[in-house]
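Read from first to last, the chains carry the letters A, B and C; within each, the first residue is number 1.
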Amino acid sequence: MNRRNFGRLVAATALAFAATTAMVATPALAQAGKTITGGFDVGPGGFQGNFNPMTATAGFTWLNTYFEPLVIYNSDLSKLVGALASEFTVGQDNLTYTFKLVDTKWHDGKPFTSADVKFTLELAKNAESGGLFAARLADVASIETPDQHTAIVKLSKPNSAFLSVLGYVMMLPQHALSQIPVAEIAKSSWWSTKPIGTGPFKFVKYVSDQYVEMAAYEGYRGGKPKVDRLINRYFANAASAVAALRAGEIQFTFAEPDDAKTFKGNDNFRVIEGDSYVVNYIGFNHRVGLWKDLRVRQAVMHAIDRNAIVSSLFGGAAKLANCGYVAPQIVPKELINYAYDPQKAKDLLAQAGWDKINGDKPISWLTYYNTPQVANVMAAMQAMLAQVGINVVPRALDVPAYNGIVRSDKWQDFPMIYAGLQNGPNPASLNVGLNGSQLPPVGNNIMRVEMPALTEALNTAMAETDAAKADSKWQRVCKEMNAELPWGPLWVASRYGVVSSKLKDFFWTPAPAGGPFVSHPEKWDIAP
Amino acid sequence: MASLIRTGSAGPIRRALSRFFENGAAVAGLAILVPILLLTFTYDLWWPYKPNDIDLLAMNRGPSSAHWLGSDGVGRDIMARLLQGGRISLLVATVSMVVSTFIGFFIGAIAGFAGRLVDGATMRFVDLAMTLPPVIFLLVLASIVGSGILPTIFVISLLSWPVLSRMVRARLLELRERDFVVASRGMGAGLWHLLIRHGLPNTIDILVVYATLQVASGILLEAGLSFLGLGVMPPEASWGNMLNAARATNVLENYPWQWMFPGGALVLTVLAINFVGDGLRDAFDPRSELK
Amino acid sequence: MLQYLLRRTAVGLLMLLALTVLIFILLRLTPGDPIDAYINPSVPMAASDVEMLRTRLGLDQPLPVQYVAWLAAALTGDFGYSIQRSGEPVLQLVASRIGPTVLLMFSGLAIAVVVGIATGIFAAVRRNRLSDLSLSTAAFVGISSPAFLTALLGLYVFAVILRWVPAGGMLTPGAPFSIGDLLAHLILPATLLSIGHGALIMRYMRSSLLEVLSQDYVRTARAKGVREFWVIVKHAVRNALLPVITLIGSTIGIAIGGAIFIESVFDWPGMGLLMINAVVRRDYPVIMCATLLTGACVIIVNLLTDIAYAAVDPRIKVA
């Protein structure tokens, strides 16, 4: 009897406890006004916690909702159009760029003028500012401001990539930043507390590691935005963002291919598929001695059944690459296609004397991709390479460890990598990874590719400022890559975003580094 | 076995064993554990698939007569990976248990026997090891030594020994001033002799229990490391990295066999080891006879 | 006693110093530095700009110089700026994570204590009956499950499928602060967090109570005709709680470091998540400051435990 009483007491306590917790667990009510919440900085194009566009290596989708560059890629990333420059012209000498500026105001009401352009470019060019543009803007000789709405940039030598670099340089307000000493700018709290831009949304607040909130900028020159608030929620990984999307808490996020698949055929969501503009390749460390013989590199290509991997593991959502490019205008017709042929791979290895070069000793194969899909893809390639007698051991590292290793000179630590490099929209992007003059620490040629013919082809293509003639120059680069295999080119995969069907006129594309591209955030709308 | 245990004036270990075998949960734990060990260590003799054989034509298949437990994202047989993964997980857990028990015992015993000064210094060292935030220690250590089977063993061992040292030292401190220890010291016995002849027998109960439970927590730690992207690297199978597949909503939802089986195997094994460890603790605890 | 306290405090400070040296060395042995974390390997960028950043941050100087510079600043209370977040002072950043972590850990512990003690008592009273066996088994399963798996499953079931609670985060972004909103976000991670601790507390409580119940004074009380309910509540539970309290105390010291798995699955902005992010991005100043804080907590708790032991058990000399 007594014991039973005691049991009841315990039960009652537990029940009361459960009831209190259930009562308080009512979700907060929705806000008045229209709000779009998204995971705008999820995935490889995002950069959570960075608010300084001069130090951004990604995250431009979000930065572009409040900052704007002079020129910007259009929404299919095919060409540069004006943003804060209403028109821009290049002089006959290929050195003088004239920008006519739009008539607009900063979020604090001050007018945007050519002085801001001069200030921004000089700041970006100044390595003291801690920005990442100094080397890329090194050719800028002078910036003239004949009037409030005109800026003239003079280069010291022709540079075909200049405009596309400008596409990443967000204009900054001189009146707000000029008081801060240049060396202090990078760590100023201005960026994450009260930045002002000219874009359709203005910064409200950043709650550290949780979200960033924006409010509509009523005075936006493209019209008042349709929604009142825009919120960028932070996620530790893409899977959590997908969970929040499915729970209806956010309306947009980047998604891993496998997760994107689960939304197909679901009327409540729209899946956006786009070219990643990143070519994946097997990197052969040219200093390590294993890959000197072209036949070995060819054998690697023939050993891998790329078609099977693309159709099964990528679900068809990747384009085979036989050089660094897949864009039709850059890929010449007569390329070797390195079909899957394990016997040929074995023969090539035998001719090259692979037994003596390495035999079946394990070769460490590094990557910085930590996604389940890449783990599967690499496991598949490992099995295929094992069939022909190349014993590779995949090893996924975090980004800093990967960079720390491949930028060092301990060749034995990275005989082989699985990596990606942006190959578009501007084909010149690959130059830093392949040009013999771009070896670290100068450039990003981490595989130490030193092929004079390829370097020459790249230099010629880089120097060509006439767009009409450029394609054929890049075709030569492609052909050279295809024949000499500085890398083992694999494919260009698609990337995905998933959008709630509640969103109207929302535009996003998986551009490298998140853009910037014309996305018209002021037109984004959400159904109640 | 049973008759052997019950005969005459049994020693403490024998009495403990007999108590252990009277504990239902502990015996159940053994009954679960033994078949798991058998299956894991013999599977390549009787199971046709190899854990790393890919089959791109049979990806993400559910359980069938060909693949009893289905196949994974590159068409590898889950059954083969489950058993190979078990082998690796148990190997990692067991070896790291041996290493950490070894370190833990010796450091604790030296602190307990070697006098005040050494004791103080050693224990502050142990405190320091405990002060390191596990998160940072794990992540940093794993990125220094790399990921793989050996580094995982290294990380788990280094993370686990301080607790044991403290327990061993506490037990031996009481012993230090006892007559027989003082006497053997007076007769010029070396530290080594003290450790083996007096330290070991007097802490054997702590060691056995710690070792058992450490295997369980080693398995869990390996799984946790894999979740953080450290630990045993795919394509080598381990229960941890198989479970990691559940991170993708797609797998969690559509291919449950890919994580449920390793998850189930892991929980079951850890559970069984915990049962055994608990049984051992009760068996070695003299007070449990009173109950 | 005072002398002992002073000495231990001094030793504690020395240990913190040793800890910072150790972490500093470990960090520099880790491949990749904050600048390497900055580089997006897929995006072409001028490497020379990156090298300039390294010089600006002083990362190209010899290790001892870097350490002394850090220590000198830290002694004046200046822990520097986060490298990876534009202009967030580290001290402010780390301090802002203590609140969420303490909230999560203590809610989790509170649930664990209440449920663990209640079920522990219940199981002890019903010793070896079906209810005891099932509770004990459940507790064992709780101890034996990997935290990240229960977190993933919990999030999926309760947030994605049932939509009872929000899918991660601490507050609804952009909404004005409300207690209800906070609790809605808190309840699931706290409950999942309580599973492991609760199971442990339940088992301690059960065995401790069983032991007390077999002791003489309880038998005496029973013999005197005190009702069983009061025997348990007044005499037994109070005494049985002692070891359980020690257990809870030892958990608190570790708690400040955050629950790494729960925090990362639920995007809970606490110390655990901060540290993971800081390590992944090699944000040295953040790691140093966070380590110092968690190290200090562990040292203080260890000291308090030793003092408490000494106070309880006269046989242990404070040495």
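Quick note on the criterion: a contact is a pair of C-beta atoms (placed from the backbone, for glycine too) under 8 Å apart; a residue touches a chain by one contact, two chains touch by 3 or more.
Predicted, not measured: the structure shown is a model, and the values here were computed from it.
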**Request:** Taking CA centroids for every chain, report which one is farthest away from subunit C.
**Result:** A
**Item:** A-C compared against A-B, more contacting pairs
**Value:** A-C
**Asked** How many angstrom lie between the CA centroids of subunit B and subunit C, rounded to a whole number?
**Response** 22
**Complete:** subunit A and subunit C have mean C-alpha positions lying a whole-number Å distance apart equal to 36
**Request:** State, to the nearest whole Å, the distance from the C-alpha centre of subunit A to the C-alpha centre of subunit B.
**Result:** 43
**Message:** If I count partner chains per residue in subunit C, which residues reach a count of at least 2?
**Reply:** 30-32, 156, 160, 264, 276, 280
**Shared-contact residues (touching 2 or more other chains) in subunit A** = 237, 243, 246, 397-398, 401
**Fill in**
Where subunit B touches two or more other chains simultaneously, the residues are 143, 247, 249, 253
**Prompt:** Residues of subunit A touching subunit C in their complex?
**Reply:** 2-3, 5-7, 10, 13-14, 17, 21, 24-31, 35, 37, 44, 49-52, 55, 57-58, 127, 130-136, 183, 186-192, 207-211, 213, 229, 231, 233-237, 240, 243-244, 246-249, 278, 368, 397-407, 419-422, 429-433, 438, 440-444, 512-513
**Request:** Could you please specify the touching residues of subunit B with respect to subunit C in the complex?
**Result:** 25, 116, 119-120, 124, 127-128, 130-137, 139-141, 143-144, 216, 220, 223-224, 227-228, 240, 243, 246-247, 249, 252-253, 259, 263, 266-267, 270-271, 274-275, 278, 287, 290-291
**Message:** Residue numbers of subunit C touching subunit A in their complex, please.
**Reply:** 30-34, 36-53, 56, 81, 84-88, 93, 96, 114-115, 118-119, 121-122, 125-126, 155-156, 159-160, 163-175, 178-181, 183-184, 187, 227-229, 232-233, 264-267, 269, 273-274, 276-277, 280-282
**Message:** Could you list, by residue number, the parts of subunit A that touch subunit B in their complex?
**Reply:** 237, 239, 242-243, 246, 256, 258-259, 261-262, 305, 308-309, 312-313, 370, 372-373, 375-376, 378-380, 382-383, 394-398, 401
**Message:** Quick check: in the complex, which residue numbers of subunit B touch subunit A?
**Reply:** 52-54, 56-57, 59, 73-74, 76, 143, 146-148, 229, 233-235, 244-245, 247-251, 253-254
